[in-house]
Each structure stands twice: as C-alpha cells, then as structure tokens.
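So that you can tell them apart, the chains are marked A, B and C in the order they are listed, and the count of residues begins at 1 in each.
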C-alpha cells in the first residue's frame, strides 16, 4: 500500500505519550507487551516490558529478529520421565497459553519475514506451537525512518513502509506523536483498546514518504543465473573466506532450519527443537559418514540458492527480506548484496556474450 | 480488511506437535551383525487399531533420552496390529535402539512422506531389485503386493548383498522362494558365497541381465546403495525399460520429517515431502550434490 | 578510511613478487571491502591481483584461522599477512604442528592499532612490530611500554566483584548465547575437525541454547584454550550477541601468567604449560 493514498478509514493519530498509554492499557488488560529495550550499550532487543519506561524508539533494528517470538531459539517439545516401578511417562509440552501478546516496535522487514515462515510452518502440517503464538500475537510495527547502508529491502520486494503481516503500521513523529495505519483486523482491536489515546486522522492526512533505499539488484536476473550455475567456480571463490559459523542464519529473519535433540539424565529428560544452520559442516552429514555438502563452497551455494531460487520455486516468494543482518554480523565481512550484485553482473555478461 | 490467518486459506492442515507415540517392542530379530528388525505395537491400543499407512512411508523412531532417527516402515500396511522397522547400528540413536530389549518402550511418530503408487501398479508385472539393507523399504511393498497377489501379474524379486551374512529377512526370502507365483533370484557378490549357498553369485546388474526381464507392462522398484541403483538402471535401460516406469526410495539426513527443518532439502525438493519414493526419471533433475 | 599507504604499497609489491616468483600459491591478506567498517580477507593467486591488498585500521581479522582449512592448504604454499597478534596465533599453530614453518611465508605488517578509536587490546599490545617474519612490509612503528597489569584489566574488574555478583554477571551474559559458534569458527586455535559439541556418544556438551548448555559450552571452550589462547580478541568481535568473551580469555591468560609465568604465542619454540611437564610445576589449579 503506498503511504500517500491510504484509505482514511484506517488512519489514526496519537499525541505524545500514546506509547506509555498503550503499554499501560495493555498491561492492565493482562496482555503481554514485547517492545524494544536497550539491553547492551547501543544494542536494542525485543523483550517483555512492564512499563513503557524502558522502551526505546530511536534505533535502526533489533539485534535478534522477530522470528524468535514465534520460533524460539530453543523450545521443549516433550518431556519424559521414567520413575522406578512405573511406566515411562511421555508428555507433550503445552502449547503457548492463550494469553494475548502485542509486539510493538518490530520493523517492517522482520514482520514481512513471517510470510516465509508461515509458509513453512503451515506446509501440510500445522506446527501447533508456532501457530498458537501467531494467533495470539498482534503486530504493531514501527515504520523505518533511518535505513543504513546494509539495508536492501527494496531489492527483495519490501520497503521501509511495508505493511505485509503487520496489524498496525506506526509512523513515529519527531516529538513522540504518531500516525497509526491499521492494516488488519487485529489492528482495529488494538486501536479500540487505546481508546482516547488515539483518534481518527482528519481527512486529507498524508503519511510521510518512505526513506530512500535504492534497489541494488534484480532478483529475477539472479534467479536466472542461479538456475544455470549450480557448478561454478563462483561458489568456491565466495566460500573461501566463509568460516561456516551460524551467525548469518541465526540472525536472519527468514532462516528456519532446526534440529531436534533429546537431553536427559538417567530418568528424566526433554526433547527440544533448536535453531540450526545449513552452513554448519555436520548439517547434512549422514550416519554412514557420507556428506552431500562436504565443503564450504557447497554450503555457501546452498544458502544463496535456497533463499533466491529453491524457496521461491517452492513457495513463490523469496526467503530474504533485505534486513542486512547477515552482512552486519559476518565477522569476515561477507556481504550478501555484494555477492548478489556479482551474480547479476555475471548474468549480464552471460547475456551479452550470448548475443554475439 | 484481510484476514490475518494464512492457515485458513490453505487446505485443512494436520496439527503437528512432534509428539511421539509410545511403542512396545514385541520382538527383535537379528538380521546381520549390525542390523536388527524390531516389531512394535502401540501402547495405546486404540491408536494401534486405527493406525494406517502406505508402503514406502517412513517414521521418526526414537529412544527417549537419545533422540529420533528416520526409518521406513518395513512391514506391510496389510499386516494389522504392529509395525516393523529394520535398523542398522551406525550412531547414537541406533546404538541405543540396539541395546533395547523385548518389552521396552520406544517412540514413533508418522507415517510421513509419499508412498509407492501401488494402485498404478495393479494389472502389471512387477520387478523388485534390492541390494543389502535396501530390501527394508521394499520389504513393505513386496509384502503388501503379495497380500494382494491377484491384483498383479508376474512378480519377480532380485535381491543381492555383499555376502550371505549381509542378506536380510532370510526367513522371508525362503518363504518367497517357496511361493509358486513369485520368481525369486538371490545373489551374493563374488567371494561372498558360502559352501551351502544355493543362489547366484555375481553383482546385481550382471545377474539382472541374465534374468532377461521383459519391459512390457512392467513396473520396476529398486532400492539399494546409490552405485547399485545407477548400474542396475543402466542395465534396465539396455533391456528396454524406461526410467519413467522405475521407482526408487531415497534417504537423506532428516529431522522433522515434515518439510520444516530444512535438513533433507535438495534443490527445491524435500526428501521427506516429495519423497522418499521417487520416479527414477525424476532423479536426474536433482542437483548433483545429492 | 584510507589505506595506510606506507604499508599497503610495500605489502602489495611483496605479495606480487612472491606470486610471480612462484614462491607461494596464494597470498592471504586484507581487501578493502568497499567502504565497509571491516576489511575482508582476500585470497590473491595472481600477481596482478596483489593490488587488491590493503592495510589499514579496519584489518581486524586474524587471518591465521585460514591456515588450518583444507580448502586453503590444498592450494599449496601460503603467504600470509600477519599483525603481531596474528603472528602469536601462528606461533601456537607451529608449536602444535598444525602448520609447518616451511609451508608458509610470513608477511609481517607493523600495526599502530586497529579501530577508531583504537581497540582496547591494541592499548596493551607489545607486538606492534611482528618478529621472525620472512618479510616486513613497511617501516616499524613505535612500540610503547605497556603496563602488564592492564593486560588483564577486564578480568581484574570482574574479580573485584563478589562471587555472587560475578555469577549474576555471567549468568546474564551467557544467557544471550545463541550457540552460533562464531567464536569457535573465527578462532585460529579452534581447529578440531569435530568439535566437542558435535560429539554425540556421549553428548558431552548439550547443544541447546539454554543457560546450562551455554555455560557448558563457554567453559569447555575456555578450558580447551587455556595456555593456548593469544587474546587476539576475535571471538569477542565475532560474537553477534556482544558477549564479553575476551574477559574469560583474559582470566585464563592471567592465571597462566601467575602460575607458570607464561604468555602464549610469543615464540613457536615455547614450552606450553599444559603440554609439558616440569618437576617444579606449581600445583595450584589442580584439584
């Protein structure tokens, strides 16, 4: 939805102090509020808050992506217990309670990433824990005001004012006031709850224009090159510096690979689901010792292919929202946009030589 | 105002909480030095009575405390009251499984994956070619077809292993050999025979050629080490078979079994969702890394 | 960020010569990486590509990490750009027989400090002019006197807390760990083909990112690095969750210094306390 032509029915405005009112009202109603707070110097994370005192609004993006609210880093699936003289007891870990949750302050890229996660976690089998968390959560997203050099949402179909998967999109003003654009039903409910803290925006209200995020590459051209270049020295070159840690995947809003492990002592234990990463060498290793992706080149290739070719072929959307965390987090300066623009340049070269 | 529930737009989803059913081990058969077959019954008899699956599907079997591992369901869907799996001891979970005794409780969740298109095989000749432990997934289909014998025309089974000790399901092999309406050829690699061995000696692709199977109206189902599948398929093509009428079952490292954890992802396919049964003609489209 | 041309130019020419004379198959150095705040590792195989190499205050990475990688070693003899801190790591790799001295050509670069403002580790650096290199690119820089106490300042600050306060501090920090293993993978001395966390029979270290597993992991890694870690600070830089891993390593280094008068990586001939035995060894630390 373009900001300038928004249906006035869905536009509200709020004076300074609305955020405090919102948090107080939600708390009073027994709703869990998750908002951005400063946890380390200069670092902001989404965390449960009791009051709006700790909530910050002046930040680029949160360190860990929004996905952790719906798909935790480590979660218990079931517990088992074998007491002497009784049968083995196996219990499914309860699915998230029905307590409502409102996440205030995620960015449009992180929220848009939920489209990709929804597709996976709802593919034929409904991952009940993920779904329960999605159902109970309202997303009140803060539109971006200051993307940095690593942001590239506009190259992957997003924008700093993207409303995808948001229930309300908030445009924060200079002095603490805000404009709120309701996007979905849960957003209407949120506005209703705020009562006097918000009011309908007058006719003719326009929203700010999104800050400029220049498009850096054409994902269609990238896909075409990927289709034809499974075998290429390019992957070896790209992978030489990669150390195969997991920082890029773990901080990625759309990455969702996981491991299932049992942890137990003699009698009691848990089966857990933990974040995992296809860059780790053991990810695809068979018990027989055979590893279909035995080197970093094949693993780097998998990462790019999965996000820009395989996932789109399967689910009709890219598995990347352009948040730039992978590049910021990479300790060896790997730059995903650099890799993709290289690919695009090669695609163009290929076309030129074909034309001769 | 768009409805935020994407789930409601899709077809009916099956709720999944990754819970494993408790299974009691009712028998354990030593197949080879490192392979055992476990027969399991659901502790919850109601669940056991309503459990259904198709030949070719797999499950996640677990030892609570050690972890989960993927094995095909080796028994036939026509055999009610239990399921079987054949497990080769190779790592942590399989090691723990091998240490279990009759009466112990393990976990199972499934069935997952696609299955052999048995209804498309009706009215045709069937040729099963298996190598080593590869007989396990085929075992389910063979037993299913034999239980519905009159739906199929000729049934031939070519089964080979490195040595006599590596043959699995020895009792079943004998039983199938006794059946008048099943043609069986068993072979071991040169050097793998014992003085008592009465079957063939030779590699599977060679023995296959000497069987001179006819391609007309025949479906082939193969399973075994990748190298065996490659050479057997080439022999079949030489004999006039097409890859479109041949099926195999693949394995890859798996965790969730339902296409979410990403581990079995190959190209844009997931072995747990698009497989484990594949048409041999489709295998060529898989990226080489597989 | 302008390249330090006093070093970049001799560096590029040394690399080009090594390659054109066939003395090495690859030179591992730093590349500009556009106007990023981090100069990235560059693998130069042709003399004409040596102009991609730079040296400036963004050259944070410890390139020694690549010396144990098969994908690099199989290229042949390796020329490697080293700052003083990186060279210390290579000394440990040499004494642990991970690399042979004749298989590498050390291209030392004098370094007046990384980062703007300079990193804390640089303020206590006593190896600004790396010694024992085959080539030194550029003129030596001033080596100020360093107060040895400052080497272990972070550890000392934590020791000043009570045990409960210290545990609370680490409980908070280690709860952040997401088990991405960036710390391990960036460390030149974590070269195990199969890390202890990847061993399943038994599962020595739980892989889940709960506090218990995180403490086990971080403590195990600290133990495995004691007497080996050269405090290059890469683990702390790589950690995406801003965990002060350097403080743990400083503590271990402080103990090695106190008990054994030992600092790791100063020479490839050094005798490391945990791999040598001496009848006079103090027995503190042995439970």
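In this section, a residue touches a chain if its C-beta (ideal position, glycine included) is under 8 Å from a C-beta of that chain, and two chains touch if they have at least 3 such contacts.
Computed from a predicted model, the values in this text were never measured in an experiment.
Common neighbours of chain A and chain C (chains touching each): B. Among the chains present, the centre nearest to the common Cα mean is that of A.
Chain A and chain C have Cα centroids lying 32 Å from one another.
With centres defined as mean CA coordinates, chain B is found 38 Å away from chain A. One finds 49 Å separating the Cα centroids of chain B and chain C.
Shared contact sites, meaning residues of chain C that touch two or more other chains, fall at 203. Among the residues of chain A, those in touch with two or more other chains are 259, 261. Along chain B, residues 67, 91 each make contact with two or more other chains. Residues 200-201, 203 of chain C are the ones touching chain B in the complex.
Here chain B touches chain C in the complex through residues 67, 91-92, 95, going by the rule given at the top. Listed in rising order, the residues of chain A touching chain B in the complex are 77-78, 80, 82, 87-88, 90, 92, 95, 115, 118-129, 131, 135, 165, 167, 182-186, 188, 230-231, 256-262, 264, 269, 271, 273, 276, 278, 283-288, 292-293, 298, 302, 305-306, 309-311, 313-314. Those residues of chain A whose C-beta lies close enough to touch chain C in the complex are 40, 43, 63-64, 73-74, 149, 236, 239-241, 243-247, 249-251, 259, 261, 263, 272, 274-275, 277, 280, 282, 295-297, 329, 331-335, 338.
Those residues of chain B lying in contact with chain A across their complex are 1-7, 10, 13-20, 22, 62-69, 90-91, 94, 105, 107, 251-253, 255-256, 258-263, 265-268, 273, 287-290.
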